[in-house]
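In what comes next, chain A is part of two complexes: it sits with chain B in the first one and with chain C in the second one.
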Partner chain A sequence: MNAIPAIRTKAEQDLGAVFASAGPRLPGGRRIAAARAAAFQAFAAAGLPHRRLEAWKYTDLRRLMRDAKPLAAAPDAVARAQAGQATGLFSGLGFRRLLVVDGVFVADQSDLSDLEPGLEIRAMRDLLAADVADLAPGPGSVVPEGEPMLALNAALAGDGVQIRLAPGTRLARPIHLAFRVTAGVPAAMFTRSAFEIGAGGSATLLETFEGPDGSDYQVNAVLDLRVGDDARLDHVRLIGEGDAALHVGTAVAEIGARAAVNAVSLTCGGGLVRSQAFVTLAGADTRAAMSGASLLGGRQHADTTLVIAHAAPGSESRETFKAVVDGAARSAFQGRITVRQAAQQTDARMMARALLLSEAAEAHSKPELEIFADDVQCGHGATVGALDEQLKFYLMARGIPAPEAEALLIQAFVGEVIDAVADDGIREALTKATAAWLRARG
Partner chain B sequence: MAAVQETVDQVRRIESDQYKYGFVTDIESEKAPKGLSEEIVRFISAKKDEPDWMLNWRLEAYKRWLTMTPPGWARVAHPEIDFQDLHYYAAPKKKPALASLDEVDPEILKTYEKLGIPLREQEILAGVARPEGERRIAVDAVFDSVSVATTFRKELEAAGVIFMPISEAIRAYPDLIRAYLGSVVPISDNYYATLNSAVFSDGSFVFVPEGVRCPMELSTYFRINERNTGQFERTLIIAEKGAYVSYLEGCTAPQRDENQLHAAVVELVALDDAEIKYSTVQNWYPGNADGVGGIYNFVTKRGDCRGRNAKISWTQVETGSAITWKYPSCILRGENSSGEFYSIAISNGHQQVDSGTKMIHLGKNTSSRIISKGIAAGVSQNTYRGLVSAHRKAVGARNFTACDSLLIGDRCGAHTVPYIEAKTPSAVFEHEATTSKISEDVLFYCVQRGLSQEEAVGLVVNGFVKEVLQHLPMEFAVEAQKLISISLEGSVG
Partner chain C sequence: MTALLEIRNLRAEIGGREILDGLDLTVAAGEVHAIMGPNGAGKSTLSYVLAGKPGYTITGGEIWFKGEDLTAMAADERAAKGLFLAFQYPLEIPGVATLTFLRAALNAQRRQRGEPELSSPDLLKRVREIAKTLNIDAEMLRRPLNVGFSGGEKKRNETLQMALLEPALCVLDETDSGLDIDALKVVANGVNQLRAPDRGMIVITHYQRLLDHIVPDVVHVLASGRIVETGGKDLALQLEARGYAQYQSEAA
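And now, the complex of A and B:
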């Protein structure tokens, strides 16, 4: 068979041009440059993911992504200062804030004073330039071979933050990794960050993604998480991008033995959001809880894709994902629990719930179980439905007006996810974000 | 641990070689030459004395098929099928025009006797030692590519029910066939359905006219006998307004060390207030203990609830086949129509099952229910794959799905892949799935009360599948229960 020349979409052609022009200027030595070239080649061979790829069934980027933006220019001093002074939901909580503006780690606006012993923070661009960064997913990860958007990130990532905790380091002060996009020309930002907790360490990591409404910028952010044996991680992610933004976020995590991970995410911004996580419970007797909520309206599209692999015996995982869908928005949830043959005594549960608030709203769920061990307890559940009219009536009969009654019910629905956050300050901020979304809904 | 270990050992010990329908019937048969080409399609059509429109339909399907590639999304692995290495037509050599059942080759009758299929009406009618009130069943027996006998035709005709081989129906009722054939599963539907459309040789045709409740259970028994053949049967069931029919299907094949292909298409059409109940006990040869041989079962089954209040119910017990690829589905088009899917899928040895259903809600207030029970043992892989979707206009759509998997042994796999898609806020979909092994506590409890390990496991498995078994017609429920014990022999008492 002769190879049929693939038809390149505008976005694919743009990306080719971006790599050709910006590629040589991206940080990296010979090794990194080779890795970038290989990654881009892998991406180019397959093109943008489309609905015929099972993992992208509900998010057809080939169709949805009309063009690709040029790489963002480094922010000037004024933009940096402005981004540094901007306040947000998490201001005043005393977190160690690390600021990434337009895809560039801005050390002078970040809180790098009094680093706790054992804590190390470095700009990813320096690691790339020194040719020591690692762009490929680690061995044993559950990232699908040649994951297109991860490959694209490897090809084009310019900066990000690497955070490392030496074994035994317990951070009392949460770290806030804030990604901000300044108003300006539409542009693309490819960031690569890494967070590593050594054995027995513990930390809270808050990631936030924010940007201006009305600007169709594009974010491709990758977080590489390593949690050592007996370590603990509390991870919270807020995706509050501008309403026209395209956000593709990928987290690749490897969790050690007897570790505890509690991850919560809230998506309430962005025009098109794909949030994917590939988690390997590599060590035995680990506890992992992952939950997330999406609050969608207008023409938003949010896709949460989660693959969690139990690779060693005795681990427990709990996943709870909720979507509130209004307007003509679409939510998709794809979750897969994989239990490898060695992972006996696994206890895994996944729940996906969607609440549809309008006629044009859509919700798709695909919770999967893939089990190769027999001594396991695994289950999943999924529901789709509208607000319970009886509950609403109950509240209205007690004098609460209809919009408020709805808001209360929605807040309770989302509350289950937000309540999972351990840190009081973050939990309150997320509750505020939910309330703000409900107010905006009117 | 010991208890389960023992069970696992026993399951391991039983070989699929225990397949009790593995005999070959030695009869003379006619076969088309190996391979697939336009000539073969013409040959089959000519053999069946088909009108031109039917031949053209087949040829169109064949042309379409040449442009298609086999689907690769299911969790089944098999060497590429050589479609040119098969006989697409095999028929027992028959005497001209059978006047009665007595003229059917006695060897074939013996085969069905061995299989326990009541072909001889008189025996049933004699009713010797049969419990009172037992329902009678009309049987259409399909041997390799052709229907060899259909019983009770006269009595059914009196009620207005048409039950005959589809090859005959094409000649006798061309208008009905032209109106309905391919209207639920279009010829371009999928690779195997398209292949079937080109080369199907026989199958059953059922037409139940308005207001008629079919007076007896209808049933087809499929038997692959010849070596190197594929069976491609086509079944079409139409229930007109207010009609009711219950249809059963059973399948067996001899033990062979090659893989044989079975690619059937079943189409159901239910009009206003009609109900079709379709039950399958699939027990094709699963291959031996090393995974050699066995039937590749690639089947497209779909029901269309076209009218208001129509109902289609699928019940399946899948114990055989090396590979099962089968998704009996319901298109819920009519207002208030409902679809049901009850399934037990058992895999042992090297079997691979990828089965499930699709419930496509298009009409208002449509409802569906899915109960799927998978049991995986040996080194088998057992996957449930299902779709529940609600169209924007499917106001008030309702679905409940429960898929449970039981694992026996640590080398098998059980997987659940549900798709839930809602495009209307008034749809209420609920899905739940669990996977586990038989609880030690439950086994211990039973054993402590004097049951043997075997009995205890049997009790648990029976309890596990009971919800589905009770939806089978009584005669089949008994057979199915036996089959389940055979399939899991060693672990079930």
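And now, the complex of A and C:
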């Protein structure tokens, strides 16, 4: 057990003040209020996570987070309309877009028309106000006891979106959950969203996080995912926050039997990003593929932490994580696969690869296996390297200038992750995002 | 008239070791020159120095290509100027589809020369035409560049690139190595179709066999980093009969 830090940092003191002043105004009945108080207490007892905690080894939030912002004010009509009209990489793909502006679900700028039978969409603030939301992780989850940033989210979450698919519902039209931060005074946004696919259902969920450069706003976003037996989920997340933003994203997922999950994430924005996922393959014979890529430059810091538990027999999981690190940026990847005793015939593989583009760039990776079953196939690996000069010369010898040759090789490196996206439109958009990053790199 | 390529007294080293030791070679447009020589003589080194591979230091001499100082150009500029090296060991590039690579290469060269880019349909048409003559099937073009290709497929792919890029000077480094006789004929036929009055070729080989199919105008022997003998195509036959021992002992 790690000692409780005796000295409160400025950010911790700020958070205490935020909870004291804003807490009573957050949506929730008696039950939710009690849950918030308990969650904040759990957070306050441990403080911000720091490097002596194994799970936060590479991201010492206690040191990196200098202050905590007050909660964002609800966006006014102008900000809502502007956010609604803004176009982006995924405009024009015909997805059902649900817009969350400055932490508030904006129904009038969201596409809630012609909901497919079996699809339900609700504002999380309403569920909180009605005292029916669940802020604590479910009993089967692999979230560590008292996970500090999840606890903080439980204490301070004001809104988000709950999306539910009734059993057997197969959504043809992807859902785009768009989190947008508008320019203005840097503030904090705590959102809680949930996506539930009933047994035999299928859906594509795209989540995007975007905001203005130069603003040190703070996002703490939690997604609770439930994928029922025989269901299928294609999940894509793009973290394209502004360059000075702090983004802490937590996904807690429980996957049923014979389900198929294909999750892909791309991080190319944010000043300080921590993406953590706690996934339980609860049912037998499930297939889960999780891939991610980070494109980092400047002084960006991005930490991806995956915890996956195989809890039932016969499931297969594949994790592929790639980082392209330029400038003085830092990438960290931690992945732990736990195979419980019941999970015989598990087939789990994890691979982390980093491409360093400059002297000052850093990449850390720590894949781990924890196996309690005896009849399993598991493997993991990690590589760190620079661009292959031989390959670059081969391209240049065909007339391709050095920057373009590098771009081709980087795009190829990241391609393995992006190619895992099933939806053509999303895949092309992510390819464009990569190309834009490469152009900005120069 | 200036020669297409003129190398004078070239010295080059890699890793602090001098490999080319006063090499002279002149290739005029329309000519095919064969360079033969024992293993380790410096043949690949010459091809890399011409193509501009990093790591090689030119310590003396000159290289003029189309009347310009080749050594002042980066590898991509040399290619855009019309120099093409068919690699002895073509590299595999996972994640870059062959067709994507071909498009990037051709259009990069055209941009550098101030020519308009070729549209995708035009490019595809052109690539398909060439691929057909080289027995390359369309499926191969979609695969990542050279990944999982057999030795013969890689060499045919190099020939395809050469035909598409229409260089002024082709340098073929051991294009025959690793090829069976049928593949050799296909590749040689592809190369022969590129013979033209405005194009020069340097065909590097260890064996005479390739020169039965690509008949050279001039044959040179490269040994210990120098051209030590020059003759007509019958020199290749003599070398086949007597081997390279004579040059190796000379060097020792």
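Criterion: the second predicted complex is superposed on the first by the 437 of 442 C-alpha atoms of A that agree within 3 Å, B and C clash if a C-alpha of one lies under 4 Å from a C-alpha of the other, contacts with A are read in each partner's own complex, and residues count from 1 in each chain.
Please note the rule applied: contacts are C-beta pairs under 8 Å (C-beta built on N, C-alpha and C of every residue); 3 or more make two chains touch, one makes a residue touch a chain.
Owing to the predicted nature of the structure, the values given are computational and were not obtained by experimental measurement.
Visitor: Will chain C clash with chain B on chain A after the two structures are superposed, or do they fit?
Guide: In the superposition, chain B and chain C stay clear of each other.
Visitor: If we overlay the two complexes on their shared chain A, which of chain B and chain C does A:Ala107 touch? Say first, second, both or neither.
Guide: neither
Visitor: Please indicate which partner A:Ala38 is in contact with in the superposed arrangement: first for chain B, second for chain C, both, or neither.
Guide: Touch status of A:Ala38: no partner.
Visitor: Touch test for A:Asp375: chain B only (first), chain C only (second), both, or neither?
Guide: First partner only.
Visitor: With the two structures laid over each other on chain A, which partner does A:Ala22 touch: chain B (first), chain C (second), both, or neither?
Guide: It touches nothing on chain B or chain C.
Visitor: Have a look at where A:Ala289 lands relative to chain B and chain C in the superposition and call it first, second, both or neither.
Guide: neither
Visitor: Please state the minimum Cα-Cα separation between chain B and chain C in the superposed model, rounded to the nearest whole Å.
Guide: Result, nearest C-alpha distance in the overlay: 16 Å.
Visitor: Could you please specify the touching residues of chain A with respect to chain B in the complex?
Guide: 54, 341, 344, 354, 356-386
Visitor: Quick one: which bits of chain C touch chain A in the complex? Just the residue numbers, please.
Guide: Contact set of chain C toward chain A: 51-54, 74-76, 78-80, 85, 87, 90-91, 93-96, 100-101, 104-106, 108-109, 112, 144, 161, 165.
Visitor: Under the touch definition given earlier, write down the residues of chain A that touch chain C in their complex.
Guide: Listed in rising order, the residues of chain A that touch chain C are 389-391, 393-402, 404-405, 408-409, 411-413, 415-416.
Visitor: Provide the residue numbers of chain B that touch chain A in the complex, in ascending order.
Guide: 73, 392, 405, 407-437
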